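Only one structure is covered here, and it is reproduced in the block below.
So that you can tell them apart, the chains are marked A, B, C and D in the order they are listed, and the count of residues begins at 1 in each.
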Amino acid sequence: MSMPARLTGVIPPVCTPLTPEGEVDTHSLLKLVDHLAGAGVDALFVLGSTSEVAFLTDTRRRTVVETVTAHLDGSLPVLAGAIDTTTPRVLAHARTALAAGADAVVATVPFYTRTHPAEIDRHYRLLAEHTGAPVVAYDLPVAVQTKLDPDVVLSLAADGVLTGLKDSSGDQAALREVITAAIPGFSVLTGSELLVDTALLMGADGVVPGLGNVDPHGYVRLFRLCAAGDWDRARTEQERLCNLFAMVDVGSADRMGRGSSGIGAFKAALRLRGVIDHATTAEPQIPLSDGEVERVAKYLAAAGLL
Amino acid sequence: MSMPARLTGVIPPVCTPLTPEGEVDTHSLLKLVDHLAGAGVDALFVLGSTSEVAFLTDTRRRTVVETVTAHLDGSLPVLAGAIDTTTPRVLAHARTALAAGADAVVATVPFYTRTHPAEIDRHYRLLAEHTGAPVVAYDLPVAVQTKLDPDVVLSLAADGVLTGLKDSSGDQAALREVITAAIPGFSVLTGSELLVDTALLMGADGVVPGLGNVDPHGYVRLFRLCAAGDWDRARTEQERLCNLFAMVDVGSADRMGRGSSGIGAFKAALRLRGVIDHATTAEPQIPLSDGEVERVAKYLAAAGLL
Amino acid sequence: MSMPARLTGVIPPVCTPLTPEGEVDTHSLLKLVDHLAGAGVDALFVLGSTSEVAFLTDTRRRTVVETVTAHLDGSLPVLAGAIDTTTPRVLAHARTALAAGADAVVATVPFYTRTHPAEIDRHYRLLAEHTGAPVVAYDLPVAVQTKLDPDVVLSLAADGVLTGLKDSSGDQAALREVITAAIPGFSVLTGSELLVDTALLMGADGVVPGLGNVDPHGYVRLFRLCAAGDWDRARTEQERLCNLFAMVDVGSADRMGRGSSGIGAFKAALRLRGVIDHATTAEPQIPLSDGEVERVAKYLAAAGLL
Amino acid sequence: MSMPARLTGVIPPVCTPLTPEGEVDTHSLLKLVDHLAGAGVDALFVLGSTSEVAFLTDTRRRTVVETVTAHLDGSLPVLAGAIDTTTPRVLAHARTALAAGADAVVATVPFYTRTHPAEIDRHYRLLAEHTGAPVVAYDLPVAVQTKLDPDVVLSLAADGVLTGLKDSSGDQAALREVITAAIPGFSVLTGSELLVDTALLMGADGVVPGLGNVDPHGYVRLFRLCAAGDWDRARTEQERLCNLFAMVDVGSADRMGRGSSGIGAFKAALRLRGVIDHATTAEPQIPLSDGEVERVAKYLAAAGLL
């Protein structure tokens, strides 16, 4: 599928089901894709943080893109993360993903190295120039240490270098600044599961919710209620999803990091819902205990999903 | 060369000379290796931060290791960085580097993802188990956001999982804690160019100075003075090197990040000293201006190196 | 005035006009109070960050509270900041403010010292116990380094220790968590000038906008539009205020901190609007230049305020 | 006593013994002063972070200075912390301390507010101008969020605004930069208990060790060994003190902050050694448990102090 004029709606960052040995479980991946597409989402984002992209070898990354694009066969746009430290390495991932059928690439600012706004600007210009593909900037300071400056984003958007922004910075004031600039053809997406209604109230174009793997129908409903201006019912739906999202903290902070807990919870929920076969997460993440998985089941039940 | 029983002495993190097109300039790389070996360094560390490892594609990384190990042919131990976000990706780099002739691998804690001490412990255990090679932990919180906990290091060292620590954390009190534990066979190396005498006074085994590319003779002299307990002359040599190190700030903070400035200065100095052919740095780093390069020349002259 | 059952509406953090010598300009302070009260605000918050409380000596702090409470004579509730490092020092300020007529005190978590959640809990319990007055928690991590944990807030609220929360953390997801818990009698106020409509959509009770000094009518209008569920017109009003808020960045980052620029801009705007006599800010803040003040005037003109 | 031409040697930051009710225990305070003076320290620093200055009301702060200066009657120089958020408030404390007999004041950069180097420069110039007393800059980023820039320090030192620097930043490279500049009459003191030998090797003038309350004889010995160039024996003494210092972590991180644990340990040790009557710490700090105090006793025994 070629990309739409402007990305809008619900675009889940697709989890990567793994076999117990840590390989991509393509069977489960396609069941997950069908689960999402069947709920009416507007596009898919593979190889984002929620996909455990930082844990996937190059081979596994390519497998993910190829598997999803071949299955969808153009029925939905596929964005692919090209997540690595700097321009030459990101470019390598972007080329692979595009060759494997992705419609657009999503890239953070450089990380590991210390970055200047002029270098960030150069980074995205080189990515756009050398791929010739739509590039979405991914603002994720929790992972890359650097908040993407709204002024840099808007300048790149105005020059047609960037197609969109996926904002997972948590900085709603900066997000609003980018939204209200209203650059033609530029799409602003929030990555927050918890603030969809407010982002859409401000004028955001869409949402990329990790929790959308677990409850895509909920996010599709929420988006449509907001689009219809039915803010009261939207808030009710959003609060239900907030309660469900609390599952990301089931993992004991004494035993594991928040990543292990959050991704572990999403995968446990997908397995409990029968969408994927294994809840395996990649090394060196710590698996949830049986008791923690039981708590995930309670969250699902409370949200009417089990 | 097999690794020595304990890594000691001066182990420069070797810069990666690049052609103007951004490819590895193997001719210059070998001249640099000869420059370092000729000064009497004790081992080489390739694919560290100073090598711009974060900017090198997989192909270029492999070229660096192969070029250096083939040239040295066992005359010096070669440590290779395996720098990537998580265990599966680090393992892939480690295997490639070892196959290309490296004697040991150097790895940071996971980054991009949020990490728990239990996951860090698991990370290093998996690396050691799956490579069967000596593993040196690389503590670089400025790049990876996480300070490596001395307790975790000491536990991994006591279990024989880690062969050494390269400490670039800037936390001299934590460094002292690891040094004074004095784990048999475990080597503690400081990555600070500016605190070599004080680290050796505390009992560190060696030093991995980026500035050692530019003035390896200075660091070899400094190490020998400290080893001989001649602390007064050591301090004088150290202060000369501190003055030289100030070159890393020649690049205007208005135009570039500190990485661009520091690596740019080292490469400019190596070119001015006739060791490498081009001062090119990798994208998206910003090159030094002519005036900034002139200031590098002044630092070299003041240190008696031009 | 005794406090209302629940704090709601617009509660500006009142600027502290100063004479050129740095004393409290009580004449201007009262003009500012009348300006705010005349616009229909619901309460006043003196000695908050916007008041330069961190720059006011104890004597000047007392003068502010006495001046305002005597003038209002119970016509509006007056909240007073008790801003200091730890419990004993905060208590001293709280007692002074209450003796001077304040209706409630607003206190941050301890700062300068490193703080544990158990100490924060103890801090607020001691403040409530020893003052016997309503205590509002002030979440301002940019000033005090510590984000106030929603779980701690909710526990203190449920126990009747806290009367309300002023959230200036920028963390809208955490704010939502506190709001949706809906503790009876507990008031949740946002300190963000830029996210009022979204906070009220989530169910917040009120807003404490520094920019409300400059344009209290705008915030009163915005609050009423939100209360009426007229989200489209609310958004338009909010965006006008966002554009006006950009004045906080008029001060050159080469010459001054963001505090100097922001408070300087608010005071320049108040002087330009004829509300206060001097735009003096406290030492060691850097004054705006004439050119920077002219830019403030342009912001006012663009917002229809000059 | 007037101040010496240059502050050197061991200058302990004096703990503030408290009664169980939280008032200054002046009897114990004087016993502690005698304990320190008797060990041969070179000056005393009251109202520093180790004194719990952030927890002491103004009245208690004044009591501390008056009690100590009256007792010493000029036999040792007394430096007093003037710890508060900004210039006007710091000035008020400085004037009180000087009137109460202090010989010099020690002040951090502004905190709570966001600070620019130009404001820091202005802050210290105003303090020096308005007190007419020696001013020592206190670099403590863990408390005040801002690292004091070596360039700002050196400029203020060269202009005679600052008499010295107490460096508790942990940044040994920046400390070295200030030391090697060797401004005439300007004294550089390290606040690190664990890096005294290395700081003196670099050329520092003295040390301000919180642990010096517990073992002043140890620090006096360490300083003299370093001054004599006996670095081997100095290192042995330093390592003994490092082992002793580990007491600061006896308090459970589940129950309290690191401040509560560290100050609690020092006070418990002083009580166990018979120097002070109560180990009370100020609110809202959490007291050590009996078991934790027993562990303090073991540290003392291991260091030969019980």
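For this structure, a couple of remarks:
Everything below uses one rule, namely that a contact is a pair of C-beta atoms (placed from the backbone, for glycine too) under 8 Å apart; a residue touches a chain by one contact, two chains touch by 3 or more.
This is a predicted model, so every value here is computed, not measured.
Between the contact lists of subunit A and subunit C, the overlap is empty. Listed by label, the chains touching subunit B and subunit C alike are A, D. Placing every chain at the mean of its C-alpha atoms, the farthest one from subunit A is found to be D.
We define each chain's centre as the mean of its Cα atoms; on that basis subunit A and subunit D are separated by 49 Å.
If each chain is reduced to the centroid of its CA atoms, subunit B and subunit D end up 36 Å from each other. Listed for subunit D are no residues, as none touches two or more other chains. Checking each pair of chains for touch leaves A-B, A-C, B-D, C-D. Subunit D contributes residues 22, 49, 54-58, 60, 83, 85-89, 92, 110-116, 118-120, 122-123, 126, 142-145, 253, 255-260, 282-286 to its touches with subunit C in the complex.
Put simply, subunit A touches subunit C in their complex at residues 170-173, 176-177, 180, 192, 194-195, 197-198, 201-203, 229, 231-232, 235, 239, 242.
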